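The following blocks contain the structures, represented as structure tokens.
There are two complexes below, and they share chain A, which is joined by chain B in the first and by chain C in the second.
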Partner chain A sequence: MTSERPNMRFIQGNEAIAEGALYAGLQFYAGYPITPSTEIAEILSRRLPEMGGTFIQMEDEIASLCTIIGASLTGLKVMTATSGPGFSLMQEAIGYAVMAEVPSVIVNVQRGGPSTGLPTAVAQGDVNQARWGTHGDHAIVTLTASNLQDVFLMTVAGFNMAEAFRTPVILLFDEVVAHMREKVVVPGPGEIEIFERLRTSVPEGTNYHPYLRREDGRLPMSDFGGVHRYNVTGLVHDMWGFPSTDSTIAYDLLHHLVDKLENRADSIARYKEYFTDDARVLLISYGSSARSALQMVVDRRKKGGKLGLLELQSLWPFPAETVREKCEGRTHILVVEMNMGQICHEVKKVVSRPERVFLANRFDGIFISPGDILRVLNMVQGKGV
Partner chain B sequence: MPVKDYLRLRFLPHIWCPGCGHGIVMSGMIRAIEEIGLEKNEVVVVSGIGCSSRMAGYLDFHTMHTLHGRALAFATGVKLGRPDLTVIVPMGDGDALAIGGNHFIHAARRDIDLTAVIMNNRIYGMTGGQGSPMTPQGMRSTTAPRGIADAAFDLVELAKGAGASFVARTTTFHATELTRMIEKAIRHKGFSVVEVMSQCPTYYGRQNRLGNGVEMMKGFRDNTTSIGSKKREARPDLIERGIFVDEDRPVYSPEGLKAD
Partner chain C sequence: MRKPKKPNKQTQKTSSTMQTQRIILSGSGGQGVITAAIILAEAAVLYEDLNAVQTQSYGPESRGGATRADVIISDAPIYYPKVEQPNLAACLTQEAYNRYSRSIRPGGLLLTDRHYVRQDPRIDAHQVPLDMHETVMKEIGNPIVLNICMLGALIGLTVLIRPESVAHVLERRVPAEFLDMNRMALQTGLDMVTKMTR
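After this line comes the complex of A and B, so read on.
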């Protein structure tokens, strides 16, 4: 059978994540089963070895993340995937990847929490955990998406950013996106730029400093097993990777870890706009809730309502400039999310008129509907419920 | 090569207390690596957290100082990423068997080709002398002033039961035997466990009136014996030293077992 678009697929969200990872060059996956992310491991257990990569099922999520960090240091592109409880277990090792600056991709398919919560139901309650789950001051990249084409694209972007910034990247999807089925066009090779690891050009026999930044702030790596031997640690460390308690080194290192991402928040920012030009009411949403937000905007537009949607695809670093700019001059800003206001709080912090920001949410395991959002809008506009 | 050529002199002095046994273990590990003839670039040392885990930084190999208890998980990633490299994991008893106990039994179950050198000083040294899963019942620690109620693990039995294909035990007193065992463990294809009874005079020795480092090492001489020794008939309390398990098995790979 022939097809005009042989690379057009009708697949599940978790499969789109797996396909995106393979497109981006995934070589090593370690994971532990957990609903609703398990299909990612199942798919990769078959696909990854076929493509010459390695799949291993570990004893828990802690080991899963530690294992991919070890594999990343041998020069491989790595990923693990989990959901809420497993993501909680990974927090210490996320901090290690931040501190040691190890490129790694961590998928969290969100489900209802806290604790075991609602294992099979949708939620977006891990937004702040993605940002602040591990201890200590740090910065992190977190990406998300509302449809499966974008899930694919954000997964590729996540791998690219992990390499570009030598950082763990959190792909924060949710149960609805992960379990729904939709059309995905898998791009041909070379259609999307893939970032390869920046490796040092320092020759054998010359001192290589694993944590000495170039002028552009980047740190070229050397694979374990290569000609440069160095130390990697979760302790505060100097340019050799040796532990240090020197306050100047500690100050400089923490600033570097935060600044390398926060100072590039604008270039990391990913978002989409729908009908925002003349919108008086701006909805801000992300992940699967953005689907209902968009439907509600389209429905109201048909009746003459001046509504628009800003769909965030990067949550951390929070795209503050974008949000501030897009919210200017709107009569109402409605943040649509499936938690108790985790992004709404961020929006209020950055806009000039926080009193105009309202929350339309659900956190009971039921997918938020356009009707749910409309009820809140009617209420805040004084039109009754 | 002299031992010092395997060390990062910039990193020294080390953090270990006078009389600590960990330096003897590090020296034994270096001599074993030299005996095998491994190039420095072929060796990765992955450690967790604790006094013994600081060893990774002192050694001039590819080194990784990771999270408390998780060294074997990180090492699994390194080994699967580069199966041609020799991966050695120095650990403490608390690191390997309390917080890292799950990773320990699963590394043994997989029989992945890593060498775990467990320095068993029966105490948490870095945090100042709290009881570990290897502290014998009744012995004192800063968190058990009346003596520890919990039973200790038998590390050799645990490793055997979990499936390790090489299991050995020695002490810092038996330095030559130590080097020979680590050498065999590194050469072994599969998960190798070497328990090295090591002394912590500062915290374990002082709290339990076991004397200084030298006296504690004499204790290792007097309270251990080779596997199958006749001495044990008269003194069944003697701890056995030697290689308990050394089995040739197919080499582990996550895609399935491969013949070596």
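After this line comes the complex of A and C, so read on.
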């Protein structure tokens, strides 16, 4: 019989998120359970305390995110998980985490919206909310995945980016990926690099400037409640962390918040390519709908169709350079997603021939199938419906 | 007793490349069809080195009513995770049968329990009605393991995966006090179809 590999698991997507978070060093979770993300809280309520961490079930999603922001400032790796309705409540605190530059990981397992929408049905309608749900000019990191091994890896990557860039990171998954079960090989300790935050070398008794950037733009942290006293605020602030209305400070701070991520868009970009070398038609997709897109590509390839797939795993900052380059020279570009065209719109903005970009979508709670995508392709290629 | 037809040749596992198996297990909430689907898929992944993906119909409508779990097993990568046209299906209630039996791939294998389901002869499938409920009640005395008996029958009919692989998963998943009962149910299901094909 086949020998069982001890690190090979057959688990659900939500469990892969929980396992990825634990692998990345999660120490503190506060959340309010909501379908279809509930299993993340259920699993972590058992596993996290076993590993010496803290799990708190909160009264709501506003408190959940505020609590992990506080915990993160004290030096812990933190996460919360929710779905669309809870994600809406978190928007104010996301802005706070952006402004105060607090490493934090926010999982949104998307379901049908708006409002309480379709609680048990799949959707990808929160793509723009992840980008612009909180007010004011800012940048944010949003990652996603279509299979459970990648769900695990993207969760780890999300923690690493949160710590490296001092930013909230949105892990934007969906109901199909979260509730599906498949194989996950959990890497051994040390197989994936785990980032730890940069801590200040300023000793006790010496003034620590929490928002005084080093030459490379990074901000060393001091565990809140430890040896240094400092202020943290959502207001525009100076190097001491105290509020300021100085226009020079405001200009510099906003530029810093946007540039630290947008200028690194290329290194943050995560994507996968399938059959793109000679593809005349390029599909672009992400999350669970990328599985249907890939199925359709593989099926058409068997019949000689020159199709390829670009699967985006980072949505924000939008990997504009990658998308522009990969779309060059294709006869048709088909964006496959389960919303009314949120990423399709971004693709049209960055490609040289936006008239070649078409949308294959569903937003009625039904998981998009390879047949749904083929019908749209036939239509745009003039082959009828 | 009407003799069931022999299972489709296509569902037989061949030596090197297997045909992708698309399976729907259905019944009513509480019959354990989702558990059976997870056990089947987990056994294929952990003990047969195959790929498997398991999904389920999910939502308020899945309480009571017709519950459905999808499993795809293949030696190739699996992309689209849902089953549109199963080549193997099991229905443990009339409602599930009425809802899902028509989606079966022509010539596929359709397993039902005679206690719950009256088959429609017009369906183009190798329909196998078994007295699983009756046998489980007689030999084990607890309907809770009907799902594992069904799994035994399915494996016996198709050579999907080896029974030992399912037994290994049962050892991992089932609480010790219920393990023997589940092992018996698996064997009962296997025996029913072994007798039948002789």
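As a convention for this text, the second predicted complex is superposed on the first by the 381 of 385 C-alpha atoms of A that agree within 3 Å, B and C clash if a C-alpha of one lies under 4 Å from a C-alpha of the other, contacts with A are read in each partner's own complex, and residues count from 1 in each chain.
Keep in mind that, in the parts below, a residue touches a chain if its C-beta (ideal position, glycine included) is under 8 Å from a C-beta of that chain, and two chains touch if they have at least 3 such contacts.
As the structure is a prediction and not an experimental result, all values here were calculated from the model.
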Original post:
Where does A:T82 make contact in the superposed view: on chain B (first), on chain C (second), on both, or on neither?
Top reply: neither
Subject >> First (chain B), second (chain C), both or neither touched by A:T322 >> reply: neither
Original post:
Does the superposition put A:V298 against chain B (first), chain C (second), both, or neither?
Top reply: second
**OP:** Considering only touches as defined above, state whether A:I68 meets chain B (first), chain C (second), both or neither.
**Re:** first
Original post:
Hey, is it chain B or chain C that touches more of chain A?
Top reply: B
**OP:** Could you tell me if A:S369 is touching chain B, chain C, both of them or neither one (first, second, both, neither)?
**Re:** second
**OP:** Scan A:Q110 for contacts with chain B and chain C and give back first, second, both or neither.
**Re:** neither
Original post:
When the two structures are overlaid on chain A, which partner does A:V227 contact: first (chain B), second (chain C), both, or neither?
Top reply: first
Original post:
Now for A:A30: first (chain B), second (chain C), both, or neither, which partner does it touch?
Top reply: first
**OP:** Using the superposition on A, tell me which residues of chain A are in contact with chain B and, in the other complex, with chain C.
**Re:** none
Subject >> Residue numbers on chain C that touch chain A, as the complex places them >> reply: 38, 41-42, 45-49, 51-56, 58-60, 78-82, 84, 162, 164-165, 168
Subject >> chain C contact footprint on chain A (complex, rising order) >> reply: 1-2, 4, 8, 10, 36, 119-121, 175-176, 179-183, 288, 291-292, 294-295, 298, 367, 369-371
Subject >> Residues on chain A engaged by chain B in the complex (per definition of touch) >> reply: 28, 30, 49, 54-60, 62-64, 66-76, 78, 92-93, 96, 223-227, 229-235, 240, 242-243
Subject >> Sites on chain B touched by chain A in the complex >> reply: 8, 10-11, 40-42, 44, 46, 56-57, 60-67, 70, 73-82, 84-85, 102-103, 106, 254-255
